[in-house]
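Some structures to go through are shown next.
You will see two complexes here that share chain A, one where it goes with chain B and one where it goes with chain C.
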Partner chain A sequence: MFYRLSGIHHANYVSDSRIFKVPADRNLAAFVFLFGLAAPFILPSLYLNSYMLPWLIWTAAALGLNLVTGWAGQLHLGYAAVMAVGAYSAIHAARFGVPWEFALIIGGLASSVIGSLFAFAALRVKGLYLALTTLAMQFVMDWVLTHSPAISGGSHASLQSPTLALLGQEITSDTGYYYVAFGWCVLVTIFMLNLKRTGLGRALVAVREKDFAAAILGVNSFYYKILAFATSSFIAGVSGALLVATFFFLAAPEQFSVAVSIQVLAMVIVGGLGSIIGSYFGVALILLVPGLVNGFVATASQSLGMQINVETLAHIPNAVYGALIVIILLIEPLGLGKLYGNIRDYLLVWPFDQLRK
Partner chain B sequence: MDWIFLSELAINGALTGLLYSLFAIGLVLIYKASSVPNLAQGGLTMVGAYVVLALSHDAGLPLWLAIPLAAVIMFGLGFGIERVALRRLAGRPVVMILMLTLGLDIFLRGTTLAIWGGTSRSMELGVSYEPLFMGDIFISRIHLVGAGVAIGLFVAFMLFFRSRTGIKLRAIADDYMASWSVGISVERGVGLSWALASVVAVAAGVIWGEIQGVDQALSLLLLKGLTVAVLGGLDSILGAVVAGIILGIVENVGSDFLDPLVGGGSRELIVAAVLILTVMIRPHGLFGRHDIERV
Partner chain C sequence: MKIKQHIKAVALTAALAASATVATAQDKEAIRFGLCFDLSKSYTFISPQVAQAAQDLAMYTNDNGGIEGHPVEIVVRDHGNEPQRGVECYEQLKREGVFIFNFLSTPVTNAALPRVMKDSNILMQSAVGRGDAVDGEVFKWVFPVGPTYWQQAANDVAFIKDQLGGNLDNAKIGFIYLDYPFGQEPIEILKTLSKKEGFELELYPVPLPGSDQSGAWSKIRRDKPDYVISWLLAGGHVVASKEMRRNRFPIDRYLSVNWMNEVDIRNIGEQEAKGVLRGTNVAGGQEVPIVKTMLDTYYANGKGSGPEEKVRDVYYNLGLAIYSAGFEAARLGIKESGWPLTPENMKAGYESIEGFDANGLMAPVTVTSEDHGGGGKTRVEQWDGESWVPLTDWSAEYTDVVWEVIKESSEAFIVE
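Up next is the complex of A and B:
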């Protein structure tokens, strides 16, 4: 009923490899896209700036990590370090006078180069040991950032981002920042949607499932692993640069610490490995819910007349954040994307599946 | 070259390293039984320290009673964590298990701080801060006590693994299916390993809490503990002790050489480098089993 399937026959390969096989999905995506376009006129600017904008940029970043962890199956616990490389190179380039369009690309490419170093670990080991190596590399990158004033911006260890300007237009309004983030997120989403149906995407999945078997099929797993790391690092670099340029306005090493790496991985896994819509849900859950719960607890305690310690209140979001990861993994290890898929599968045949029972 | 200074660095490094082992033994116990990398060990250590504090300072029990009581509580907590969380993810890909333990770590840290607050508190074990002089070399007493505890735990676990329950745990570590088929309760064994690791976390929490104060920094030991566990081979307790001593010496002596060159703070760098080099050169560590799948 909700997903009308009558008259949909995929009779050739071109139609079978469409991004949206059911028109209802396409309509839903179009509706969400239009809502995204109209958001600055609908939502108050506080929501736009403090919820929608970080949500979109983190989603783009999480999709990049999903490419390497969900598609290519390589664990990555140093993603924030790669984002940091992109952010710092782009901002240094922009401060040097390079136009922002090129500065963003420079940031992405610099991330690609450094991110490919992580891939060399992936060529040696996999699974847990890869996770530990990338974690150690994250610590090394953190150390380099905090110990080299030339990169991190002197004694205060913070680097002011110059005003963002794209296509000759200086961007200073909230709406402008939002559209930049929205555009980048849409771009990455379209890339990831198409990845599924290209040879590259299938090769990555083959490498994930079993690299020996992929090698037998003629898929060079070394090449595709490096490619996956380089591509995801590019996305990470540009996302990191945009995050600083439109949200933080100031680059500091702690914005890209180990905890952030873990947070992005949590977004991807809670959302569902290899699921694009899941990444949107995962980022929303991890980024927004702890703050909302905290606000709820604060108001609830006030209206009930209870005194909650300030320190307790400060640490509740962390506890909620950890609990969310654990609970989602226990309910559905494949993440929110899978939960969404289950609901969709149920609605797909909705009134009629009752007949079988 | 000042040999006395160097040997002082080495001995104190070795003692600190044994304290890392104290942390790593917990990781190894769980990895041995269930091949689960327990990234929540830092959180457990923190909870352990805070429970001891809550019993001794807040409830007013003497320390000799508070520590065993905390060990009992943590034993139950470890069992509970395995029962509620880990068992349901058994057999899932390692990325999900890693994430689950990371989530547990964040949750334990957040809850502990929400209950007891984040200000650093001291353990007040009653070990004097007077340095101990051995010839010209001076040694911190608390480090010596901690190293003693680490070695004591090591001996205890060596004996434990010869007992009937210990042999069952070794069988589980060797082969799940085979242990199942001879009637060993694998679930209970894995639960026991979590419980024991939580008890080890109490020991680590008390000693480290005395050295650096009981606060959030306790969970930052994770990288060092992981490095020690990997260097020793993730499933060898002897490896954890030996690797702890090695890492402690390398870190202490190495940072003394490197700090003037890079302007301080090279300890983290050395630890991360040791971890990367171990995984690259010898992923199964010094004493680990060789069945690590290379790409």
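Up next is the complex of A and C:
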């Protein structure tokens, strides 16, 4: 009923390969997009700059990781390192006087080069071995950042980002930062939506399912793997640069540590491998829920007048958060994206399916 | 018996007086201190003690009439050492009217610093964050009251010079450190001092998290330095003590950074650790007047803000020191410019702190608009098997050299 299928016939390939085959999906996406556009006027500034903005940037980053892990099936444990390459190259470029538009592209390209350079070495191995090689990249990057003051910005290892300016316009307000993040996230999402229906997307899926089977079909798996790494690294690089330019305002090695790599991977897995909407949900769960639960527990204990030790208070949200992840993955191992898909499938014919029973 | 009755009487009158003053203190608006701490991940070795100290000190202050009649409120939140959540905590508390912040984590402080500077709020960052923030002319809103790692290292060298008879010409000083920015920070100043004083400097990097030190210590055994200055953390000291025993390096030549507490000492073994040295800007032990007061007034009656065990820890004293300076700044701010307390008044309050030592709790600090560190005085204390014994007086040496490094680093920071 909500996702009406009546009267929808795909009579040709163009119509069949549309992004949104059901009008309800398209309307929903349009609604979410409009909400995103209007968010600065609807949401209080706290939600805008400490929840929405990081959520959108991390979603863009997670979508990039989803490309290589969800679509091409290559486990990547060094994604934060790739983001760091982008962030540091873009900031250094911007500090050098390069306009931000180009600095961001430089960041993306630098990530792309380093990311696929490692992939070259890494792609001689598969599965867990590949995962370990990418993990090695993370450690190499950590080491480089903590041992080269020229890159990391002095003995304190914090590198200030110059004021972001796009199209000759200095961006300093929360609303401005939000729109930059929103724009980037929308761009990546559109790219990913389209990827599904291109030859490249299908080739990546073929490589994921069985790379030698793909080779028999004439898909050069090595080429597509490299391409996946390069593309996802580009997205990572720009996302990393934007994260620093619009949220942290200075780059420090801890913002791109191995823990962050694991976190992004968790976002993708909890969200659902190969699911776009899942990435949005996954990021929300991993990134925002700890803070929200923390605030909730703090207010709850305060309003109930409970005298809880600060340490216990800090650990309750962690327990809740951990339990949430386990419960979600128990209910639906394919992640939050699949959970949404289940609900959608149920509502597709509801309530008419009830008549049969 | 008599003494007990006496104490009871004193406590009773104190309680009565307190309840009377509490009534007046709570009529007025509160001064709120925001503590966005890492209470669940990397900094848990220190943050609970500091938070507890802040809460105890606030309770004590409120029981005694508050700060110029205004009660103090401590707001504690966890950020799990994640920069993103630290920023979120800052943004949230900022909107709730808090303008005095402490993040007690270097990554999170760094992430919040640009925002705090832009919003002109007060950032207390003693013991964490970038060292050049003591330069008050650049970092107007940052108050890292206490020594920088540079100053601490310089004071350590001065101590060694003193111990070796005032001459370092033939001396050899080893520096064992965790090989990441925290440990690397003092290297530059040590190199400068080595040139100036003519001692030989040997560097012994240790990979994170400091559990593998065997290579470094066998090198130390060969090099035979007169003293080893250590920039290790928590468990690193325990590993170092084992290695020292194995390599026959006397533990009383091991001079630790301020990050060594009773937990580490217990892990080494209280008797084993006898003789170990520690540079500090806060007096250790429970004989310090304010710590004694806390134990007697609150913990003896089971009214402390947390377990008593945490009070018997030098990091509790550190927490008291940080917040004593903060409360003193608030008091001076209100006294000078009246209520309401604004970030500007608080800043002015901080900058008029003069020779303040919180009744023997810490090195006397004099904060000025140029020096937000308050002078960077430290002393060296030695573990005698039961408690910390001071070996020297509070002092800050080689300040000219240290300030050169500070200025060189701070001038790269652009304030928008």
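The rule we apply is simple: the second predicted complex is superposed on the first by the 340 of 357 C-alpha atoms of A that agree within 3 Å, B and C clash if a C-alpha of one lies under 4 Å from a C-alpha of the other, contacts with A are read in each partner's own complex, and residues count from 1 in each chain.
Quick note on the criterion: a contact is a pair of C-beta atoms (placed from the backbone, for glycine too) under 8 Å apart; a residue touches a chain by one contact, two chains touch by 3 or more.
Owing to the predicted nature of the structure, the values given are computational and were not obtained by experimental measurement.
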Quiz item: With the two structures laid over each other on chain A, which partner does A:Leu250 touch: chain B (first), chain C (second), both, or neither?
Solution: second
Self-check item: Contacts of A:Leu330 with chain B and chain C, given as first, second, both or neither
Solution: first
Exercise. Return first, second, both or neither, reflecting whether A:Gly278 touches chain B, chain C, both chains, or no partner chain.
Key: neither
Quiz item: Where does A:Leu135 make contact in the superposed view: on chain B (first), on chain C (second), on both, or on neither?
Solution: first
Exercise. Determine, under the contact definition given at the top, whether A:Asn309 touches first (chain B), second (chain C), both, or neither.
Key: both
Exercise. Figure out whether A:Lys126 sits in contact with chain B (first) or chain C (second), or with both, or with neither.
Key: first
Exercise. Give one of first, second, both or neither to describe whether A:Asp211 is in contact with chain B, with chain C, with both, or with none.
Key: first
Quiz prompt | More chain A residues in contact - chain B or chain C | solution = B
Exercise. May I ask you to decide whether A:Leu265 touches chain B, chain C, both, or neither, giving the answer as first, second, both or neither?
Key: first
Quiz item: So, A:Asn318: does it touch chain B (first), chain C (second), both, or neither?
Solution: both
Practice problem: Could you list which residues of chain A make contact with chain B in one structure and with chain C in the other? | Solution: 146-147, 309, 311, 314-315, 317-318
Practice problem: Using the touch definition up top, name the residues of chain B that touch chain A in the complex. | Solution: 37, 84-85, 88-89, 92, 94-96, 98-100, 102-111, 113-115, 117-119, 223, 226-227, 230, 262-263, 265, 268-269, 271-273, 275-276, 279-280, 283, 292-295
Exercise. Spell out the part of chain A that touches chain C in their complex, as residue ranges.
Key: 46, 49-51, 54, 146-147, 152-158, 160, 162-163, 247-250, 252-255, 287, 290-291, 294-295, 298, 309-311, 313-315, 317-318
Quiz item: Once bound in the complex, which stretches of chain A touch chain B?
Solution: 69, 75, 121-129, 131-133, 135-137, 139-140, 142-143, 146-147, 211, 221, 262, 265-266, 269, 273, 309, 311-312, 314-326, 329-330, 333
Practice problem: In the complex, go through chain C and note every residue touching chain A. | Solution: 37, 39-40, 44, 48, 51-52, 55, 76-78, 80, 82-85, 87-89, 91-92, 95, 106-107, 110-111, 113-115, 130-132, 179-181, 184-185, 188, 306, 409, 412-414, 416
